[in-house]
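The structures come next, written out as structure tokens.
Common to both upcoming complexes is chain A, partnered first by chain B, then by chain C.
Up next, the complex of A and B:
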């Protein structure tokens, strides 16, 4: 932290998002941040991979407004660590290839170097380091995915699961007393242009 | 190989293990009372039993009525809801009895890699150049189960499905290879037919059973019905008991069955006594043909050996894969002639997903509920959740190297994460008070750590107060110094013997408003009730260097 750029390493928005200047955000108009979200350097969000509307199907579903094609929506107090990648999942839908939005709840931590292609991630989810989350995965609330896990596509992970392995399997249950450990408010305060010192 | 670095940890002992009389035999003279002995005894984190009584704080519950810590080992659990972890549907417990503990919808795991299987249409995707209305029609069958992790699909075992839903029941009706399988209902129907046939012809017909060997379920069914008939026949001809009194598994029928083998056949030298002769007079006949459940054992295993030879190593199922198949056998989905013991990959079946539960927890002593989740599968809320973390202070430990100018060695030791023998190291213990009353904490540790490599421990501030929990986190820091000394000779280490664990006795005292319903506070005077809680905990500090 000796060299600090004059403008600050992070762009801090009105809603409290802290986005690193070195983060790789593609298609920012399709990325929704709920506020108080931290995006660390080298993290990548592929907002350009939006729902593809083939010209033939616009006649049937003409109601799709151009602004509604959100590719990635992120809740509050999420933390995207260094070098992780959020990528909307794709699938064949009615014979055509399309991307579907990636939805993420509150207090989601994505570890460094992890690749997330889930369809939905609940709230209070901890994704470790070097995790791969396959396409169309559904991850429910209070889930901990340990480092190096490979979650196969289409897997559903129920609430309060501890998941590990390649392919991932549920290896344990989050204890009742462990719910508070998912809170990311403290972690949020420790980054930014004028970070607070981490509590002991 | 260097041991993995150890992050400092704190485990707390649950009092449920205290009541057990086990432990080292008391070496003290008989003059000492048991209480005094109890007080002298320090907790040994290396004792074999300790593994079962130490828990991280998150795993501990707290009973508000007993004012005591409860651990996962001592609470009583009750199942609130059964649900499938894959489709997240709730299963009523009545279904559970009839259909087993696996999801009976379309949730399956890959038999090769246990990844989830997705129902996929085999038909080629419709032409995107066609009109949207044509494309909108849902893809039609046949359907397969496909694993997107290892690319296994049910075509490899020759199974395709007509409908995309209700895969479980469809799978029950087909063998690997796709030929149909006799279900329980079919068997019942067929049995009805043959029984009516046999009553007409009054002799067992062998016509329907000539087509190949029986599968296991038919085999068992035939045998059971045959012996049920045998018993009911012999009973109806015998005196006394009516048919309704005796089932197949009633004790008297069992004795009868056992007599059949022990008295008559196994001991030919022994002359049948009058009594046994009378008892066995309505003789039991053995099953004589396939309709009655007779199935000659196929001792010729050359075909199985040949199959193994052809399949070779890659085509052979691993022990793990066979183990999961064994579990599937119970849900009546395995290939029957194999009894769930599939040798080859081609004999494996998709594994229906095991159900999961939501459970409530009760205090083992007062039976009060200490944890109760919402019964709905989608809800993550708890109606009652008395976790220890909101009653007893959280203890964190970390090396104190920044603010210790006199000691330069700890930083060097911390560099490789190992503790140097004969070098004192300072640690900082942080207690966080979760309750809204000030708490008085008393700490005690043995002077030296138990174990082969005794380390000296000094707590610099054994008694202190922590202020009440406020909205602003208020933390009281107290430094404890652990002076360590370890033997130079460190060869012959057992597993994890080099981990320095300090047992510490924590006594917490606080005052609460006396409960209103207790009759002691008659006057208007506000009474304060003193509470105290004492427990052992173990501080895992780090590994001792072996150099």
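Up next, the complex of A and C:
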């Protein structure tokens, strides 16, 4: 009998995050997970691309406060599907090149193979398969981005929009009562080391 | 509540990739930045000129010929340079070039540049998830927007933007000097963020 229990496919943390062992997380010290977030195999998060000189900390006293150079922060019940990639956006700011943090709200689904370089993503956002989100994009709450969309850099997507196309356009609105579909609690339960069956 | 990972000392979760295939002969300039998570395979030489940056999980495959990367290029993660394409193996003569990137080329995340005397001109940007077919010649300061495709053997003139479903237009902004300046600054930042391990590939 071995002393250690067999390794599951996922690392499950105390806060309920389920991170696949086959996920590629670079610079984990700069990635914040809010809890109950699922990261599927082959998903990639570039936490190493941080802001070099945070403008808020004017005092040059050695180490910055913990979490001050967070590159990617993710809320609760987010779901990062296979092969997606989150990377912090970059821009020229006051004549110098900097990376800025990528902030993501709760209940955000990122589809397989999508690449996200947004500055901010609200809560209850559904990003489909093979979507490219350009740099410094701002996506508000309850937005649905359909498969294969290419969102150009610096686009601002208002709440309750449905977005598609290359380049992306707002093609419709989430119907009344349609925001129930954005809940990811049930999806969260269906993965992990002891997955539950999806409700029929 | 917001604590992320089981251990703070671990700075990355990068499962090892099976180093299948041979290790290529490499010629690196001393000033390049190459992450140890990059993957270099193949039998032909790989040349990387000064100040270029190779992100983790970029894949350079020299099976189909020499790969040469110019000065101040940025190769992002999950790119496949020298990909053999859908036809699998292609037969090339001795000393043939698989992929040539001139100076200031950017290849963004998950883009594919296929092997077979493919050339990307100076200052060209290949967007996220795009595919450059084998034998394509892309001119200087072109922009291949994300998820676009440049067909095999295509010739793309200088200052062209390829967008949407294969549509093209001319880039008349005349900002190539500024783009080069931004590229230099980006490389300056990346050099401080990405730990470089060129000795791993020798």
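Here, the second predicted complex is superposed on the first by the 180 of 200 C-alpha atoms of A that agree within 3 Å, B and C clash if a C-alpha of one lies under 4 Å from a C-alpha of the other, contacts with A are read in each partner's own complex, and residues count from 1 in each chain.
One rule holds for everything that comes next: a residue touches a chain if its C-beta (ideal position, glycine included) is under 8 Å from a C-beta of that chain, and two chains touch if they have at least 3 such contacts.
Note that the structure is a prediction, hence the values are computed from the model and not measured.
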| item | value |
| --- | --- |
| Touching partner for A:158 - first (chain B), second (chain C), both, neither | first |
| Contacts of A:167 with chain B and chain C, given as first, second, both or neither | both |
| Partner chain(s) touched by A:96 [first = chain B, second = chain C, both, neither] | both |
| Which superposed partner A:29 touches (first chain B, second chain C, both, neither) | second |
| Touched partner set for A:130, first chain B, second chain C, both or neither | second |
| Shared chain A surface residues [contacts with chain B and with chain C] | 92, 96, 134, 150, 167 |
| Chain A residues within the chain C interface of the complex | 11, 13, 15, 17, 19, 21-29, 31-35, 44, 46, 48-50, 52, 67, 73, 85, 87, 90, 92, 96-99, 113, 115, 130, 132, 134, 148, 150, 166-167 |
| Footprint of chain A on chain B - complex, ascending | 57-61, 72, 83, 85-88, 113-116, 118, 125-128, 131-133, 135-136, 147-150, 356, 361, 371, 377, 380, 382, 385, 387-389, 396, 398, 428, 430, 473, 475, 477 |
| Chain A partner contacts - residues on chain C that touch it in the complex | 1-6, 8, 10-15, 37, 56-57, 77-78, 109-110, 127-129, 145-147, 163-165, 182, 185-186, 188-190, 192-194 |
| Chain A residues touching chain B - in the complex, by the definition given at the top | 54, 56-57, 59-60, 92, 94-96, 134-135, 140-142, 150, 152-161, 167, 169-170, 175-178, 180-181, 199-200 |
